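Consider the two complexes below, in which chain A is the common component and chain B and chain C are the respective partners.
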Partner chain A sequence: MSCEECCQRRGLGGRMIPVPGEVAAGCGLAWKTAPEAREELVAALEADGVPVEAMTVIELLEFR
Partner chain B sequence: MIYLDNAATTMRKPQEVVDAVAAALGSLGNAGRGASAGALDAGRVVLRCREAVAALLGCPRADHVCFSANATTALNATLSGLVGPGERVVTTVLEHNSVLRPLARLADERGVEVAYAGCDAHGLLDMDELERLICPGTRLVAVTHGSNVTGNLVDVARVAEMAHAAGALVLVDASQTAGCVPLDMSAMGLDVVCFTGHKGLMGPQGTGGMAVAEDVDVRPWVEGGSGVRSFERRHPLEWPTRLEAGTLNAYGLAGLAAGIAFIEKNGGPAAVGAREHALARRLYEGVGGVPGVTVYGGWAVSPERCGSIVAFNVDGLDSAEVADALSSGWGIACRAGAHCAPLMHRALGTERQGSVRLSCGWFNTEEEIDVAVAAVREIAAG
Partner chain C sequence: MPGRWARRSWRWSWSRLYETRAEVLLARRRRARTGRMGENMADTVLTVDARGDACPIPVVKTLKTLKALGALAGPGSVETLVDNEIAVANLTRMGEGKGCAVTSERLGEKEWRVTVTASAALAVSDAEAESATCEVPVPGAPSFSPAPRRVVVAITSECMGTGDDVLGRKLMGSFIYSLTQLDELPACVLLYNGGAHLSCEGSAALEDLRGLAASGVEVLTCGTCLDHYGIADTLAVGEVTNMYVIAQRLTGASLVVRP
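What follows is the complex of A and B.
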């Protein structure tokens, strides 16, 4: 939730999703955004002291 | 009703707290359990509350604010998670059973050595004795920030200096002070502060928690559902999850955040506490001079070290009898008896009689205080 707060405050796109099984087995939350936003995202999270457990590029379906 | 039992709970809540809880009840999912809109909204509410508590208590990291059902649970978790077999803990006779009983259990089950610093005739903590008891090898010093019997405050920054000089950690029970006496963990060097949400913070019952300094390792006390790492055999160690097994009280935390916002809107803990202290001082000055009334606490010698409690007895009357008379005769709500603080009463010599505790809150008025003074005067006159 700190990640969401950080990104929304800075106007960075993305949203919270259930953590995909390819990233971690079990349950939890992940921040979903476009791969090209990676650099800006990392800088923002570092600046706000939000810890990052993992960052993975995967293909996800968008239905609507 | 004249409500003067704010040390038990602040019964009158700001309307913002009521509204926040009502709104939460109809809209929040389970924080940290999935990414549905309701679950995320609950997560946002919890995060806002975490950040508000961290700011209020001077905790450098919001994710080191962990929520529990009340201060008792937080104190149990902290004591159990910090103190290992055979280690030494120093505490005081001012403590509530929420500290004394977990320590007794640790003594029984882990062979923990517990030493108790005493107090003077006014119930003020004997800081010299405390310093003598904190010897090298002491693991933890557990002190209240304010006695729930007398309202006497403890200089916890000084206690932290003593503890750290001996290599010990310091745990502060802020049940009576959070929200109405300034606390700054970073500036005061406090390692853990346990708090309840339903007293000075003006939030709902069922809320509380602990704020933990960055380099302090409190091991999980309760293990279970975490919403993350479901296939790991034991509870995750990441903050704040390590101390938050099971579903959080997001409804209550919505109200707690509103309570803290109310305090900040009204000038913060110093301003809120000053108002409550002024009411208590008026009460003390009225009750203290009544023939046959004995007031406990530091009011006569160091009123600046008193909170918003006036504790007293009427000669020859059981405290429960006085409390009942105040309730039935004047509609005054207060608390009699031992207040779950047996060592404090033993030190004051009030084990049998207990004491009558009148405790002021933000919503009390001078007129209510004057009615209480007149009532005590009439009861004491027989």
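What follows is the complex of A and C.
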């Protein structure tokens, strides 16, 4: 939630979602944004002292 | 649907159970009259008339009778009269699957007799008999897929759960997002009381509710609630509804989910 607050205050795109099952089986919240925004996001989180547990890129494959 | 197994379970009605039991009793009387009861159990023959019965009823009836045969006399045969070849194939498959000798004979244009001979008392559970299915597909038969569920999600608050409203709002946002990711989308999302805020401008759930609406989910917000909170002009997704519709959607649902 501190990540959400940080990103919204800085006007960074993205949104909060439940941690996807592809990443972890447990319960939790994650910040979802585009992979291209990674550097900007990392810098913002570091600047605000928001701890990062993990960052994962999920590729969605269209197979239907 | 061509190529799909016609499959359904068959629950026994008392009348059908009685029919089988009655035949067992008749057979017992016959044996008593002829004095053959107990002489040669392998001669015990029970007859099942399954003509006119749709799959899987012939199999169910035969299984029930095999069970009764085992309880009555141990080894013996069950002769089942059927009126279609599909039933013959299903009975043959069932009998052979239980280790019985199976013979079939065509008696007429639309009449077959399938004889299932058990060399020992068979163990047939009620559940097995009741859950018999058609292994051989019936050409042109409708598939017996279960009726689609009608899931209605009733959102009554901006918060999911109680304890911490800040957390509750995040959880509700996560829940609505998760709805969009389901393989089976709900038929309807109802928003009332505090939940009405979620479908109005400024709500963090708007994007997901719009996605649901675009996917065919009915998104309905209580008009009384919108008026009460003074936000009727800010409704941003779905339709305004009234309590009659809310009551109909809730009572007509096969499943109501209230996060």
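We adopt the following convention: the second predicted complex is superposed on the first by the 59 of 64 C-alpha atoms of A that agree within 3 Å, B and C clash if a C-alpha of one lies under 4 Å from a C-alpha of the other, contacts with A are read in each partner's own complex, and residues count from 1 in each chain.
As a working rule, contacts are C-beta pairs under 8 Å (C-beta built on N, C-alpha and C of every residue); 3 or more make two chains touch, one makes a residue touch a chain.
Bear in mind that the values here come from a model prediction, so they are computed numbers and not experimental data.
S.K.: Using the superposition on chain A, tell me whether chain B and chain C clash or fit.
M.R.: clash
S.K.: Which partner does A:11 reach: the first (chain B), the second (chain C), both, or neither?
M.R.: neither
S.K.: Spot which of chain B and chain C makes contact with more residues of chain A, would you?
M.R.: Higher number of touched chain A residues: B.
S.K.: Under the stated touch criterion, which partner chain does A:1 make contact with: chain B (first), chain C (second), both, or neither?
M.R.: So A:1 meets both chain B and chain C here.
S.K.: Would you check which partner chain A:26 touches, where first means chain B only, second means chain C only, and both and neither mean what they say?
M.R.: Once the two structures are laid over each other on A, A:26 reaches chain B alone.
S.K.: Quick check for you: in the superposed arrangement, does A:35 touch first (chain B), second (chain C), both or neither?
M.R.: It touches nothing on chain B or chain C.
S.K.: Under the contact definition given at the top, report the residues of chain A touching chain B in one complex and chain C in the other.
M.R.: Comparing the two interfaces on chain A, one with chain B and one with chain C, the shared residues are 1, 4, 16-18, 29.
S.K.: Applying the document's contact rule, which stretches of chain A touch chain B when the two form their complex?
M.R.: Per the touch definition, chain A meets chain B at residues 1-2, 4-5, 16-19, 24-29.
S.K.: Can you tell me which positions in chain C touch chain A when the two form their complex?
M.R.: For this pair, the touching residues of chain C are 166-167, 170, 173-174, 177-178, 204, 207.
S.K.: Would you pull the chain A residues touching chain C in the complex into a rising list?
M.R.: Of all residues in chain A, those touching chain C are 1, 4, 15-18, 29.
S.K.: In the complex, go through chain B and note every residue touching chain A.
M.R.: 32-35, 40, 43-44, 46-47, 62-63, 227-232
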